[in-house]
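Okay, so subunit A shows up in both of these, paired with subunit B first and subunit C after.
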Partner chain A sequence: MKSFGLRKETVLAYSFLIPILLFYIIFLVIPVVFSFVISLTEWGGFDLESMTFVGLDNYKKIFASDSTFLNPILTNTFVFAFGSVALSFIAAMTVSFLITRLRWQGLWRSIYFLPAVTTIVAIGNVWLYIYNPTNGILNEILTSVGLKPVNFLDNPSIALWAVIAVSGWLGIGGAVLILTAGLKGIPHDYYEAASLEGAGMWRQYFSITLPLLRPTILFVLITSFIGGLQSFTLTLVMTRTGGPGNSTNVGALEMYNQAFSFGNWGVASAMAFVLFVVIFIITMIQLIVFRKGGVESY
Partner chain B sequence: MKLKRIPWISYLVILIGTVIMIFPFLDMIFSSFKSASEYSKLNYSLLPETFVFDNYRMAFEQLKLSMLFKNSIIRSLAITLLVLLTSSLGGYVLAKLRFPGKKLIFRFVLSTMMFPAFLFFIPNYYITVHFPLVGGNNIFGEGGYGGLAASMAGLIVPFAVSGFGIFLMRQFIMNIEDAYIESARIDGAGELRIFFQIILPMTVPALATLAIFEFIGSWNEFIWALLMNSVNNELATLPVGIQMLKSHLDPTLTQPLVMAGLVIATIPILILFLFLQKYYVRGMMNDGLK
Partner chain C sequence: MKLLGKLSKVALALTLTGAMVACSGNNGNAPAGEGSGNKPAEKVELTMLTHYVGVNETQLKPLIDQWNSENPDIQIKPIGVDFGELQKTIMTKQSAGQGADIMHVYALWGGQLSKNNVLAEAPDHIAEDVKANYPEAAVKGASLNGKVFGYPTEVQAYGLFYNKRLLKEAGFDNPPATWDEMLSMAKAIEKKDSSGKVQVQGFGFQRGYAGLVDQPFMAMMAAAGSNLLSDDLTKSNLNTDAGKKTLELYSKVYGKDGMTDISFNATKGFGTGQVAMTIGAGWWAGSLKTVMKDSYTDVGVAPIPSIDGSSKGTIAYTWTWGVNSKSKNQEAAWKFLQWMNSTVVKDGLTPEGSFLLEAFNTASSRKSDLESPKLKEHLDSDPIIKNFSDALTYASEEQSPATAAEVQDILFKNIESMWTSQQSLEDTINNAHTQIEEKLK
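For the complex of A and B:
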């Protein structure tokens, strides 16, 4: 595009970019700095004069030996992310493997994706009803086969897994979408050649499908794990404060409640930063793994 | 024939899966027609004894559903339009113009996608409520009645730019031949005209993907809308209004109403998704292969 002067082009580019850059300064750059400043203070979120600088006290509180943030909350966060990813991944591998050889592929894919385009408020409330100890369907099934009803969300040793099950169910559709795209990218010739050589279905799966799908699998696993570490809306809708006790509490939910239920903006911001650093480290590991694992253009 | 047996079992597995995926939606729809007494009685049944359509009428009254619906529509449309505009502008500049700092800005836009949303709730809540010179605030952002959150702007402005959107549009516009732009310039077309009359019409498929993506995303967004509602309860969207009602009233009386509200909040969006899923899926794929 030589017909156009570089200076004129620069002026044009920046005048188009001004609204975007302004937005990012106001709602991204300033907030990150501001958030770090808040994490060094004691503050209820009212006027700025009421901020008291306390240095690293909030971080010390978080890492203190009696802190609930490391255990159980951060442990729960990892269990939640691992559990949801494992559930949705295993289901999605099965579903995507099957639907690529069935008719109405698009229909099946859409059905499995429905929860992902539904507001979490609906998902959470409907599952509360399904888990209901007196008249939910799950307990109806349990009692009809002679088992005792289970208080899914009131029992501290089950509650976290009850939320994880919903989160895993929710994540199947997204993983199916990406995995089917990956499966379609494997050339059909490979399977034909393998059939001619007499390789059976399982042999083909382990020698062709899995190795060639590896980059896609890595992508699905790591991005949904990072998503799982950040997620808290479902837990908020289903258990409100992460109860009973802290048995379902996760990092981002604790941050949210510390700030907006208890008015401890300093501690909450420190928690946000700790969780952010954890996620940032995992994102960096992801980038390295992807480069080595052959996910293109990372 | 060994191969012929496989599809039969495959269909069975997929159908069982389908039931697990769809059942919660059926449960939601059918229980929205149950009477309060049936809803809270001891034994579960999927179908209501009698269909109580009154739940929907009462939901409209008690939930102020029409206000919630209006807020949700205005918010989702406004965010979608703003994101389409900013993404295509940003995408065009980053794809087709040469200027110093381009690489740096592009890297910055990419990196914005790595920041988790929870990091911004606290600072952006303060910034939105104390935004200078709006909602009665003075130039220091003080003295007003909610800043940006005094109006719908509080629900919309913090979502006006999307890093994903800019990236998607840049990738798409990169594939447009430079010759279109060059010949328009030779013909003396102004830069705004080149953008709006030549580039934009060629990006319609990408815009459609981004639009459906943003519309559904902002329709379903909950946490920020909940925070804005705590500043100004005129700003309640469908998910927020329904969740709030749930916590304020006697749950045994209102549960079927809540379900009726949820049906209204979700079913239109699900139908929209089913019609436009081709575009939506394309957006997801792009996200997956960025």
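For the complex of A and C:
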């Protein structure tokens, strides 16, 4: 009876899993496999019958010495991801810590989460106005205190950092939401015991809060990095073509242009797979580092 | 009961599975005529994909309705998408087997479309009609590998837009005829405040995306005596005298040695009466009329200055009506396009001529349209539209090799790098030339 019951339960379990498995197969596995196949072909994007197998030629092209993919595009992608994650993480840690010590925590969380639920296109356009060198708010402030106006998005040395600042600001809300949930999950008993032992606020933060918040921090960092490395919309809206002169061009934007503007679907797919490998490696490194630090749940 | 409950759960799971499979199937409408299982129908519906949305779509509709009412057997269904999405829409629909029967395509995509056999070659009588009735730049713009693929529609040349009031205030009665005049006038007109912010820009190039930077560049280079690429589209001419001089001119406008601030938006600034001179295409006059309202009377247009004033040159880009090579109703599609582009219906104009005039204040390049009393009257009363119409007689076509989009991207990024002081003029010439030649191989 028991073994028969198990079989029935197993069948039932798989029956309920089939829809989601089918969903993943149709919308994830098949496109990924097809994308890999495209990366080994030359295809203009118009007619599937016109695909020509070229082996690893596309990968050779993007790693060639005259290719812009490794530098500056992939370099920009790393700088963008690390920069925006660092900015949003440090700010979110501070904000979430402060929120848990304030009244009306829900209101504060909502305020900080607002940018996360606003369309990136709108945000990008608003920041374009803020950064406007002729009559933007930032330059009005700078000129009112006697400083020269700054070409935030036209100066290749600072354009990428200008976009990173916006991306970092955008990422604060989502991270605050998750970190405050993680902070609430830390039992108060530990803080009470530490207070009785004479530990101050900072000692408690570094000895209790941070270690117990590690799983949450790991989740935030991994998801933020993945999002940062895949960033596309903000750069497209704020700089359109990744300019000036590729200084803000990132991997996802370059892939989009290769496929939809230039008709180089093979090259675009090859770039996508290289980016996938990069994201995979970075995620694995994060997992290893955190596991060594005692986070076993991942 | 327990068994029934379990069976219900399994049934629900299977239903959900079935729904997922059904939803992932093709739910798009097949284009008219496609689908080998359909019986030949007496009435066909042709889809017509364009970048005419909003007001333009409304202006096109009466013409389509007229055809549809007069030709119940061939119904046209227009589909408008934003210009920025049109190429991607053509691409994705074609690969999904749902391509439109008739497409309005930009000549720059011609190389890609030709390489992927998207467009059908025009029948002989259409090709002969085009060759006989349109200027050379328009015919070349509507041709791929020397074969006409459709009817040229918007054929837009580039010219010098100038603000008569700003020139007059600085003591200039006429627009410049040479590059040196243009630069010296610009310097005289330019005004900045105490913090260095530009208040009035003497001359500015429009910026934003590749076409907006590259097309004026190619027009200036044509005025200097050369196209960007060789006639066989295999070599770059950037290392020629014309190419080098044009890039040198560009380095004098923005950048380390530039006379004005790159961050000042020349497009918006011209519309607000703060830019004295810029290079633009004919269609922009229509936009400026809307934006500037009464101040539009300050706008003048002149041929693009040449190096020494002795020659004329510009480029013209072309949009073309073409038929999908995979359409099952090509004959019907060509019949419609022939009516749209060669039949005189009202005021001596073809439907296309009428649409271009109403929607864009632009003259059709077709000879019969140009000879119509309505267009003649318009040309006589509007010097701006006349200027652009005349420019078509000496304009070169915008060249479109298979890698045209990449070539323009390379040129654009190199010019932007020079303007933002990332590389010198010499490096820009060498890099752009080398990279473009590499793409043309």
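Keep this in mind: the second predicted complex is superposed on the first by the 254 of 298 C-alpha atoms of A that agree within 3 Å, B and C clash if a C-alpha of one lies under 4 Å from a C-alpha of the other, contacts with A are read in each partner's own complex, and residues count from 1 in each chain.
Operating definition for what follows: contacts are C-beta pairs under 8 Å (C-beta built on N, C-alpha and C of every residue); 3 or more make two chains touch, one makes a residue touch a chain.
Being a predicted model, the structure only gives us computed values, none of them experimental.
By the touch criterion stated above, A:L177 is placed in contact with subunit B alone, subunit C being left untouched. Looking at the superposition, the partner that touches the larger set of subunit A residues, subunit B or subunit C, turns out to be B. Once chain A of one complex is fitted onto chain A of the other, the partner contacts of A:F260 extend to both subunit B and subunit C. By the touch criterion stated above, A:I26 is placed in contact with subunit B and with subunit C alike.
When the two structures are aligned on the shared chain, A:T134 is found in touch with subunit B and with subunit C. When the shared chain is aligned, subunit C comes close enough to touch A:N246, but subunit B does not. In the superposition on chain A, A:G45 makes contact with both subunit B and subunit C. When the shared chain is aligned, no partner comes close enough to touch A:V274: not subunit B, not subunit C. Judged by the touch definition given at the top, the superposed model places A:N125 against subunit B, while subunit C stays out of reach. Touch criterion met: A:P156 reaches subunit C, while subunit B stays clear of it.
Residues 12, 16, 19, 23, 26-27, 45, 47, 134, 260 of subunit A touch subunit B in one complex and subunit C in the other.
Residues 6, 9-10, 13-14, 16-17, 20-21, 24, 87-88, 90-92, 94-95, 112-113, 115-118, 195-198, 208-210, 261-265, 403, 405-406, 409, 412-414, 416-417, 419-423, 435, 438 of subunit C are the ones touching subunit A in the complex.
For subunit B in complex with subunit A, the residues that touch the partner chain are 6-7, 10-11, 13-14, 17-18, 20-25, 27-28, 31, 39-44, 46, 86, 89-90, 92-93, 96-100, 102, 105, 108, 112, 114-127, 142, 158, 160-161, 166, 178, 181-182, 185-186, 191, 195, 216, 219-220, 222-223, 227, 230, 238-240, 242-243, 246, 255, 258-259, 262, 265-266, 269-270, 273-274, 277, 280-281, 284-285, 288-290. Per the touch definition, subunit A reaches subunit C in the complex via residues 8, 11-12, 15-16, 18-19, 22-23, 26-27, 44-48, 50, 66, 133-134, 143, 148-149, 151, 154-156, 240-241, 243-247, 257, 260-264.
Those residues of subunit A whose C-beta lies close enough to touch subunit B in the complex are 1, 3-4, 6, 9-10, 12-14, 16-17, 19-21, 23-24, 26-28, 30-32, 34-35, 38, 45, 47, 91, 94-95, 98-99, 101-102, 106, 108-115, 117-123, 125-127, 129-130, 134-137, 139-140, 169, 172-174, 177-178, 181, 201, 216, 219, 229-230, 232-233, 236-237, 252, 255-256, 259-260, 265, 268-269, 272-273, 275-276, 279-280, 283, 296-297.
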